[in-house]
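Have a look at this one before I ask anything.
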Amino acid sequence: MTSQFETTARLLITCPDRPGIVSAVTTFLYHHGANVTELDQYSTDPTGGRFFMRLEFQTPHLDVSRATLKQAFGDVVGQRFEMDWRLSFAADKPRMGILVSKHDHALMDLLWRWQRGELRVDIPLVISNHPDLREAVERFGVRFEHVPVEAATHAESEARMLSLLEGQAEFIVLARYMRILSAGFVARYPHRIINIHHSFLPAFIGADPYKQAYERGVKLIGATAHYVTSELDQGPIIEQDTGRVSHRQAVPELRHLGRDLERQVLARAVRWHAEDRIIVDGNKTIVFA
Amino acid sequence: MTSQFETTARLLITCPDRPGIVSAVTTFLYHHGANVTELDQYSTDPTGGRFFMRLEFQTPHLDVSRATLKQAFGDVVGQRFEMDWRLSFAADKPRMGILVSKHDHALMDLLWRWQRGELRVDIPLVISNHPDLREAVERFGVRFEHVPVEAATHAESEARMLSLLEGQAEFIVLARYMRILSAGFVARYPHRIINIHHSFLPAFIGADPYKQAYERGVKLIGATAHYVTSELDQGPIIEQDTGRVSHRQAVPELRHLGRDLERQVLARAVRWHAEDRIIVDGNKTIVFA
Amino acid sequence: MTSQFETTARLLITCPDRPGIVSAVTTFLYHHGANVTELDQYSTDPTGGRFFMRLEFQTPHLDVSRATLKQAFGDVVGQRFEMDWRLSFAADKPRMGILVSKHDHALMDLLWRWQRGELRVDIPLVISNHPDLREAVERFGVRFEHVPVEAATHAESEARMLSLLEGQAEFIVLARYMRILSAGFVARYPHRIINIHHSFLPAFIGADPYKQAYERGVKLIGATAHYVTSELDQGPIIEQDTGRVSHRQAVPELRHLGRDLERQVLARAVRWHAEDRIIVDGNKTIVFA
Amino acid sequence: MTSQFETTARLLITCPDRPGIVSAVTTFLYHHGANVTELDQYSTDPTGGRFFMRLEFQTPHLDVSRATLKQAFGDVVGQRFEMDWRLSFAADKPRMGILVSKHDHALMDLLWRWQRGELRVDIPLVISNHPDLREAVERFGVRFEHVPVEAATHAESEARMLSLLEGQAEFIVLARYMRILSAGFVARYPHRIINIHHSFLPAFIGADPYKQAYERGVKLIGATAHYVTSELDQGPIIEQDTGRVSHRQAVPELRHLGRDLERQVLARAVRWHAEDRIIVDGNKTIVFA
């Protein structure tokens, strides 16, 4: 439901499973005037497993301020159940930085969806290692920064990017950014960098997956959105999709067809992240979509 | 999770939406020693809408008998929130009667899945208006009854079927049963008769949908599982799927391809019904799959 | 294969089936220096049915001019087998006019794909009954014409549109054009107007199919590209696709999700038409994709 | 079209591409009274590439015997163009041996489809390294042979299997046969052993792909039918498909869901092989489906 977006809050929780968690959380919210409108819950194992939950609730009748609600939730419920938790308010749109190289289809698709209200985020800036997309980005009223990246000065380039993003972006989308980020860069945004890989991972890790797919003679191509970790193409998978191909499609056709998969898979992943629908559990994701 | 099936209970709820419902339900369960392992909730509108919820919980540490739990839930929670609710225990497998005519693919697929443990139901009997499938059914250790259905004696035939099903089946699956059931028959099993229709409803209502599809020149064929109501092919839709076809497939090929869709769509619908995952809301279904 | 696009020719044929057609056509081409690189053939029935064929061939070694080849093919092969046939050269890109109202997603997607070289057409102009999309269209270097359409002056508006399209466009795409074209307009472009309908036809004919889909409670939504005929939403279907939805999606979400289906289905249909891959057979299409 | 199956012939051709091949083949057939009803052709590159073609034609008016047609085709057309070619008659159903271990779903699905006429093959025998499925197989009127396979006597077991298959089967289906065949065994049936692998290859090669998929946290599972070569899971891919999963499915649920993918993917691959629709090109397949 898109209704009442401005007064929607979201609570993401993970903790060791044990009886009474749902009751404690929902009773706390009820007593403070919140009305739960969506609740999704999952346990890996009822005895000794982990507990995951996402709630959406309406806030017009809260009896305390948002800050106080947060403080109280931590004190009363969070500590008792040893929770990792995150409470956010939809009206505080998350700020999303974008890194891109030369392929513009994933970037343009995100900007379009954003302009139409499909993605509830702010986009403070787009950074590219090529100058080509400046006009296309600025046309959407979004700031564009060109940061050249060369092997010799990779560290300086990343430092420049980090200083541009500092305080500006809560998460980062690699919309076909073709350079590898250093472990140091990645560590600054743990589980907050989303990459779109143009294959059905773990098939075709690394460079030019469409060429790899063509050479292997697969009958489906794929795309995978995942969180970036320090290991290339190994991070937690958020979303995947595949499309049918045949012997008639050579590498250029696979690239064309793949674009449609890439932009749809990435758009879903970004939306779920922006709506706090994803919990990372080890090297996997729980997605309450 | 398939684990701990024997001690799993399920609670399905629908009521007018208002604050406090989730809290009241989960606190009640917690106080009686139940551990919630899966919870899915949906509201049509947080103000003035309807509330729908499904819970799974573990029962080994219940502090009361199952009967007492039911009684108490109704008294303490159900009445307060004007709930329609249903509490069931997975160990009490629902009993599923099957009606079939001559096409055996949907029937055989159900019996197979059942034999392999994919469908947690008991199958007390299969009724057919043709004698042909007796051996195939009895081979699974399932009782087979042949009830001829002729236009002139339709009422008697239905009476015979109802008396066979009486006390034997909580719900009925029409696994390609090609006769129309009377309103009176349907009224005996409200939202408890599942039909598989061999088209993507509401396209191609009525007879021979594959022929209709061929003549319209569609590029996808479909299958729809729905609850039977007194209006032909108009009941609440449970599940649908489609598959790609081209000009090369004539009606016989559409029938072949359609069989695969039919048996998969029907199997999902039956499983969801048997696991109490479906709530009917007017002419729609809420499916907590 | 995208290679050698400039020297590619295409031949589309339909005629009564009888022995010797493929031999006659391919021998004719061989004798004139053409090299067949793709051939797709279909017969409704080997005895007394209709024959359909599409060939692609390479023209660098033709021993006659293109005009002479056409003339000779008609004289030598076409008349002998009573063929409807069409010979085209890929280098002569077809010119595609676009009609649109206010929804811009289908239009923008076509312009994007065209700009990237995915659609081998020229776009002489976009006509809209609203002025809103002028800037978005002109940014692609494409002419935009605003032709207001009111009930009282519908005939004049169509006359204006026809005069703008005259000599400019071989085929027309309705990229979410929300007015009904008159039978007279349609007759000017027989099987050369492509519409995108936002449902899985024949389900949900007419206005606001997403609302109809929501009210029926379907579990999949769809999109259909078809040729426009004088009967609303009844023309030959070119392409269709569906996407999964649930009770959680209200009408606005169905519209969002549907956009992705619409633009992909329309793009495929337009590409197939532009590459002469479609033969209309009564109220159906043969698509050699 | 299923019509006139008994009089249908099929011709599969691959050779170096050059002008005139289609003309020569179809003219030869025409002169001998054959009527081409389906023709599919593909070239990797019009200059210096390879040429692939499949034809179906009707034989009631052949002016020579089948043996003479074969001889003449080789002499007149095959040698001239250095063709690998294969001419078969649909009425001579290919004989398919099946190897299976304990999982019966792929086997049962094949037997069912065969019994219903979806697969036009003869099944002379099923061989298993376990005795369990004898009754299930013999019920279809198919011979069952139990050949125990132990590490120490692997060579003897394979020799026994080969002697059972000798002269009985033109191709072999591994319907979840869990032992690795030796290079020597495979060499006896080059590109005539079809395996169903329970993952989207090349992801999850080797043992227990559902466990691997679960541990990697993929959002889709898959199945792949491929020809067996001496390298495990590396042979030419015939067909693949994927299905959606989420964090809620543990390994047993992935296995359940995967069964449906496996049996459908395998059925398509077997049908295409039986209808001579597949040409192996290096480590890829051309599928004229």
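Letters A, B, C and D mark the chains as written, and numbering starts fresh at 1 in each.
We take it that a residue touches a chain if its C-beta (ideal position, glycine included) is under 8 Å from a C-beta of that chain, and two chains touch if they have at least 3 such contacts.
Everything quoted here is computed from the prediction, not taken from an experiment.
Between subunit A and subunit D, the superposing rotation on Cα atoms measures out at 180°, rounded to the nearest 5. Centre-to-centre spacing of subunit B and subunit C amounts to 42 Å, using the average Cα coordinate of each chain.
One finds 36 Å separating the Cα centroids of subunit A and subunit B. Counting only residues that touch two or more partner chains, subunit A has 1, 42, 248. Viewed as a network of touching protein chains, the structure reduces to a complete graph with every chain in contact with every other. Contact residues of subunit C toward subunit D in the complex are 1, 3-4, 18-23, 26-27, 29-30, 33-43, 45-46, 53, 58, 61. Of all residues in subunit B, only 1-2, 105, 108, 112, 116, 118, 139, 248, 250, 252-253, 256, 260, 264 touch subunit D in the complex they form.
Residue ranges of subunit D in contact with subunit A, taken from their complex: 42, 200-204, 216-220, 222, 236-242, 246-248, 281, 283-287.
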